[in-house]
């Protein structure tokens, strides 16, 4: 067993001294104002140990990381019929591109590009009684942490500036791949993306994906086969058009968000979460990716 | 430990009765004449056991599977500078499409689409004294099997019909991403793809990727970090525009060829090879993919 | 001078007997219910003569033909600065495709694809006091015909089904190429497209483009140079991805609409309007295009 | 009748003083060494008058301008069946892009992008006894000028660097839209493009397109309908992805070449040729385009 705490500390020291910490997302004020010196890593192992460095209890906007949780909830609600409306292939293109949607007649390439996540949101809106509340409860239940919440300011800011998402949802609607009204689906979607967590909470919430579908509260949410597939999707599609790079350099299934968070996991071994708000040109946390690459290199723990 | 032989036999029985065995590649006579009732699986585990069903000692054309071996040789020759000329992202498009090459100014998306493999061939032509002979010796050395050979008829047939590959190579040349003459590089490339192996030989040759870079002869060819990266590439890019599907359904790094072969592996555990010449619409062996999906489902052995 | 009436009658007889009259647009009920046996041609010459066959006084929905009038009004309001926000190149793609908009960072390829027409609508909304009323008055003024009007049912049907237009407008907004709210611009746009005219009225309204910018009421609306440019755009971009075909077969600047209307013109000579609701696969009136091809072949009157 | 000579002289004075004369093509030494201060205009009217300024008797490489002559010869050899293998739509993309060829299954968008011109070359190679000699004789016959010739150095330089053309020809071959061997077709193609003319010769050679198909020697080469179509193609496709701009600003059918030549014409009125070797970013002669725009603005002579 490697000395995880020592490894995290050494990564933390390197990260603190990085000359280029990337660029914080500026498209909404709530993200633009975040200090890019924030940095945290949190590791939760399968045998119940936790390790952390930096601001691992500080909240940040999980943004696209929520797409994995929404997918997971959708699968537990309607099973494999999710895949009638969404494909499982990497897009090879930026997360918000609409061109591929046109080529594929309204079938998003995967559930983690925005158009795919909007279809998942549509499924949740159709199948949950109180979509926002029920989804939030699901996330809380996964971690046993009732303090997790939406950031309503973030949701409203997204709503008033998210024109590309409105474009995507209307395009899906034109291809009859959206059952609910555009406004209703996006209202839910913007709330979903606005959830805030700390790295510590993130490691807890994602524990089921490293634990064959059983969450931290020991409740089974997904079958082993379903977990395998969600993990495969994280690996091939979790980092936009940098998914290959992440698989190549880090070698773990994971998901990033524009708020600077990344969560990754090794099945049966651990969940690791990082937060550093500065992004690289592909929209993934710059220091977070470096930290995870160092972690798998130093520990030699990856799926490959 | 699952009863591997029983599992393989049960998969074999199912496959033999499949009503749709896919369509054999017809673009060259040497492939068109193969009987699509051929079927084989061969498994080699890390602890030295072998299991097989069907025609696992019968030779077939490994075709694109050779791209992994060429990449591996190129990395051992010039290291990470391979990546100055090729990217590591899934293409999201068919294996022979040229459009993306234009968008990316002559940098292939990954080493397993044809244009990427042609750049690797160019590297080998530049760095090997007798490219064909040296490459064949490398493959033989990996498995300790001196009987492995080119099929010269296949190579010549490819040469006289491979216009898309000539198009790709000329396009690479126009972007200055090919150092040797087009004809010289493609001559090598067509030989490389013409190598024949049985499933049993394939499992032996690919053993190093499941064994941290050490081949069956116990010689170290790649570092652990290099193996990790080759495996990551197989997972994200090994099956053309069906890579996501394979990761999703099977959950193993692997590579397919148009001759109907597939090789896949679980690091530190096993290499598994299948051969069934009928292809699905994406160009991957139809029954081979089904067999591997059944195998990982029944054994619960996957990277995820 | 050819015997225009005899030529029109002979074309009319051929058209009446055509076995394939194309397919009527069905995306809104108001268009779906139109009888595809309607057929009309109307010709207005520069020396004041009019000729017609068929239902040339019957109203139909001019749809995209209105885009030329909106462009013309926009140019007369803000001049050449229109071209800061829209390009003048043929798209080579279907009229409603969004992919090119992404490639070109929100600058539509020309003012006659939907995204370009929506930018023009945005300009009119910004620069007209009462956009709908003022635009309708402009059209009435061009022809001296106060009976021309919107079809409000058509406008409302478009509004409730026009998801691709909402997608385009939101995408334009995301690129900051839409100054007014999406709903406001599209409300105007759907009204603009809902205008109804007969072939006879259409020939009158478009008279200015064959008359160096001076309308039927003898008022100068556009300079000679501006007319030249609008005509050039009709020729290169007036028929979606069939513009080349129309230039090639017919050889006149013109514009089609999904309601089955086409208007075309030879500067200093004539305006000709056709109506036949059945469309070909590219969305242009099938018999209208044939009629115009016959007309220019028989009269030898084209710009080439 | 405008005072043509005075107008040409005034344009010439402006051009001489232009601060930005564009950039001379550098991909082969024969073009790279041309002095960008060369400038010429030559005008030939239908009533037999000629006007010129600058170096209008100096030879330059007509390059892509030759594509119009090759098309014309192909039509006179096999008629409308040319269009079974090539479309007539503007590409909306650069002249050498291969992506569209893939989308359209090997049917080039029009005969003036490189892939289309290569199909035309294939037709000529199939249908002429001595392709190079016969084609050269055709061009000489059009003008009655036996001094017109290939520049063999240019042809050989193109041959040794024209990898994109080799890529296009091989791609066409893979789609079975090339009947002769790649090398044979391109050998002819590079010779065809290497023809040299002066502006004065260019105006003579293109005279048939302004004269209903009858050349300067009064021989009928194309029917009126065929000329109409070639002119339509020049207008919609003659300037690569700047065709719309040229139609919009100049309003004449025309064709440019990378050697800095442009020829344009008004049917029944005149042919005008310009030469200025500096190109704009789209590959069209910068001062040539400006000169033609000024010419049609000052004379008010355009097709629109």
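Letters are used for the chains, namely A, B, C and D, taken in the order the chains are written, and counting of residues starts over at 1 for each.
In this section, contacts are C-beta pairs under 8 Å (C-beta built on N, C-alpha and C of every residue); 3 or more make two chains touch, one makes a residue touch a chain.
Here the structure is a predicted model, which is why all the values come from computation and not from measurement.
Contact with chain A and chain B alike is made by no chain in this entry. Comparing the CA-atom centres of all chains against that of chain C, the greatest distance is found for B.
Note on chain placement: the centre of chain B and the centre of chain D lie 47 Å apart, centres being C-alpha means.
With centres set at the average Cα position, the gap from chain C to chain D is 32 Å. Centre-to-centre separation between chain B and chain C, using Cα means, comes to 55 Å. Annotation for chain A: no residues touch 2 or more other chains.
The list of touching chain pairs reads A-B, A-C, B-D, C-D. For chain D in complex with chain C, the touching residues are 87-93, 100, 109-110, 224-225, 227-229, 231-233, 235-237, 241-245, 247-249, 251, 253, 267, 296-297, 300, 302-304. Taken together, the chain C residues at the contact with chain A in this complex read 97-99, 102-103, 163-164, 166-171, 173-174, 182.
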